[in-house]
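To keep things simple, chains are lettered A, B, C and D as they appear, and every chain counts its residues starting from 1.
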Amino acid sequence: MKYAVYLNVTYKPSIRDPEGETISKDLLGRLGYSVEVRAGKCLVLVIDAQSPEEAASNALKIAKEARLGNPNVHVVEVLKVAPL
Amino acid sequence: MRIAVLKFPGTNGDYDVLRALELAGARGELVWYRDYAAGKYDAVVLAGGFSYGDRLRAGAIAAATKAMDHVREDAERGVPVLGICNGFQILTEAGLLPGALIPNDPPGFISRWVAVRVVDTRTPFTYLYEEGEVVYMPIAHGEGRYVPAGEYKAAFKYVDNPNGSYDNVAGVYEKNVLGLMPHPERAVDPHVSRRGAGGLKLWLGLISWLRR
Amino acid sequence: MALSPGELELIRSALGREPTEVEYALFRSHWSEHCSYKSTRMWLRRLPSKAPWVVRGPGTDAPLVEIAEGLYATFKIESHNHPSAVDPYNGAATGVGGIIRDILTVGARPIALLVNLHFGPPSHPHARWIAVNVIRGISDYGNRVGVPVVGGETWFHEDFTYTPIVLATCVGIVEKDGVPPGGAEPGDLIIVAGLGADKSGLGGSAFASKTLSEEAEEDLGAVQVADPLMGKKLIDLVREARSCVKFIKDLGGGGLATALAELAEWFQLGVVAELDKIHMADREMGPAEVLTSETQERMVFVTSPSKLECLERLLEKFEVPYSIVGRFTAEGRVVLKWRGEVVGDLPLSLVAKAPETPWPQEPYAPPPLPHVPEPPIEKAIDAVLSSPNVAFKQAIYERFDFDVGVRTVLKPGEGDAAVLKIYERGNLGLAVKGDANPRFTYLNPRLGAANAFIKAYRNVAVVGGRPLAAVDSINVGSPSRPSAYWQFVEAVEGLREAAEALGVPIVGGKVSLYNEYKGKPVAPTVAVVVLGVVEDVSKVNKAVWKEGDGVYVWGV
Amino acid sequence: MKYAVYLNVTYKPSIRDPEGETISKDLLGRLGYSVEVRAGKCLVLVIDAQSPEEAASNALKIAKEARLGNPNVHVVEVLKVAPL
């Protein structure tokens, strides 16, 4: 079966996220919202697998091997697995 | 003396490096990434630009090419390797230099002439500078904020931090491998440079190092 | 936009039959205003375009101006107003990509970009959203392909809140023997290289010939995602392809339909195209869609069968997908095939140009000038200097890599025009600047247009440039609106007068009509980019002062 | 209560995604994987709400008002809502 695995490649919490801060302050703040924002990259990988769990773990394996995140600065997390 | 200027899809500083080398008195060779082979060149320059369009993140995709395995092999043999801007990003992504270069703080691409201090002159590229010398070079990047991961040796530091780099780091080195975000190839021609040809000594240094 | 009844009748009587679906698509696309200039070309013909140093004038993808013995400059301006209104980021980026590819058609190296941007007031959220994304689009595209944005002009006015005017100019240089020689013969091949055709651009040119109302979800077909990586590969390819090709064309507005029609017309040869051979990103396309798809980042190369291998080697090296789509024939017909079957067969004479359609004109009296109060001088200075139209533009031009290429002698903010070093010829330089003032063109389209020309001319002159040639961009409302059409005609007249008085030929340009929002046309906007030669870049005038320098005012 | 709402701002499915294509072909393809990839921006908004549903719908409302995506070309979808 095919699954869409949604990965979030985002900076480790110890690293400041100026993009998120700017969206929060300049864009949302100007509209009167006070909302904290963190920005990352969402990569959707289409994976063949027997189960959602297998799809997720395969996607993370590929992400690691291909360095979809830079281990020095990023964390890669699965946000969602959807059957296709 | 063979100096390779390595070009990936999206590299755009290749001809600028060739011209800087020419102004400094040497001839570089433009080498397409699939043609690069270890053991052929006395030095290699990874020119600036946007290899693979900066997709995923700057330098990440070029770092995974076979060409970079060859560059690693050459580097281990003592061949001087220089990465400028995107070249620096590729070197950190490929693990030839420590740390990472992440999006600027404040965010956004920035194009500006900046003052840069040479803080280490023990490299094939910096030994003609005086320790502490301040030179002007342009920066033009969106992902130039240096984040260390463990030990690193800075070779250049910004006088005024433009991008949120840790400890004002503008360039780092490891033995014969140097990477920097400012563009020394754009600070050679006197008509185009601002406040002196700040990049010239880097090229002269490399050339005389190779001739020694 | 559909063909007019008159146009359809003309096609029917010339063919003696109904056009096929594919033929109809070709006419619809190639005869659109955007591609055929049917409402404007009779006026544009009046513009002076000749000078001893003009080697190739208007009418092709890009002109050639001799700037030194055996060295040509080329430059052209493009408007991407409608796409930038709908998708400011990709609209502006693809505009930059498109104008660069025009420059590539003469085998030139693109060395500089200029942008003329007209936005709504920065205090308006929608106007700011457009401005921020247009600037980001230009930055991301120009920086990635390595062509420096060396100058421009930015203007804020409420007319542009929903319909910005986004103009990009590219300057290139090419050695005389680097220009593809032309001279196509029957049997020569037509190759399409770049991205696979997709539906994303369908109706783009037709879309540019329409006015905007609300944010129109159904207009999506016209929006394209920019692909600067492919754009850069095409630049690299052309740099090495000169000895392998006879002719290069951009695949722009009108897609393959326009490219094939123009090739046939240019060489006065027939063309046979096998539309199913073209590489596609989208397998579900039929012949009419392939013919009119406006997928960006594609170019057409013409080569002889004996040079094909040379070209293919480069296409493979730079990882550019391509397909051999057609060839020239001795019969004066454009023949379109799909899976072996003829789906269109048109005489060359009919394809070439849409019939001209002049529209009625009606002058309007601009409203009386608003009363300008006379504030105390200190306040006046504050008011003028803090106006966004006058304020420092550093926040904009710092987003652009203006140094890549290592030619930028006068950088943004350092002088009235940008100066580029043509180091191929020692200290030779080029000075370029683009100017527009929609307020003036609104009050008086004729004088306003002339003023834009003269201002750009002055800007080039004061840095030490000798003006050689100009390109212009005229942006008005729908031509069916007599006042808008009158504005256009008056603007052309103003440009003509200025060009003649200054002795500077107009070697190219762009007209954008239908710049309206909810039935209201924007202030007519005429931009002129002047290019001049600087004998010695070491003598260029920089805007750098020191204490004790005098200030002089010249002129009336 | 505070929720982290994970939004994905991505091109509509009918629109090309050059970044995803490059990652799929030039990175994963080179490692021997044949995996389709779509790239988008992941924005995590921290929202005060009574329920996860309310948090999600508030986040989408803010995203729309601030034009975090361009309605003409992007879709903005909620991938995950996590209580903080």
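Basically, a contact is a pair of C-beta atoms (placed from the backbone, for glycine too) under 8 Å apart; a residue touches a chain by one contact, two chains touch by 3 or more.
Heads up on the chains, UniProt names are A, D = Phosphoribosylformylglycinamidine synthase; B = Phosphoribosylformylglycinamidine synthase subunit PurQ.
Keep in mind the model is a prediction, meaning the values are calculated, not measured.
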Most remote chain, CA-based centroid, reference being chain C: A
B-D against B-C, pair bridged by the larger set of C-beta contacts: B-C
Averaged-CA centre spacing for the pair chain D and chain C, given as whole angstrom: 34
Geometric centre distance via CA averages, chain C-chain A, whole Å: 39
Residues of chain A whose C-beta touches two or more other chains: 41, 66, 68
Touching two or more other chains - residue numbers and ranges from chain B: 52-53, 55-56, 60, 64
Where chain C touches two or more other chains, by residue: 227, 229
Set of all touching chain pairs, with the criterion as stated earlier: A-B, A-D, B-C, B-D, C-D
Partner chain D, residues of chain C touching it in the complex: 86-90, 129, 133, 198-200, 215, 217, 219-220, 223, 225-227, 229-230, 281
Residue numbers on chain B that touch chain D, as the complex places them: 52-53, 55-56, 60-61, 64-65
Chain C to chain B touching residues, read off their complex: 139-140, 143-146, 227-229, 232-233, 317-319, 397-409, 421, 423, 427, 537-538
Residues of chain B that touch chain C when the two form their complex: 9-10, 12-13, 15-16, 19-20, 32, 34, 48-50, 52-55, 108-112, 138, 140, 142, 183, 185-186, 188-189, 191-192
Of chain D, residues touching chain C in the complex: 11-12, 14-18, 22, 67, 70-73
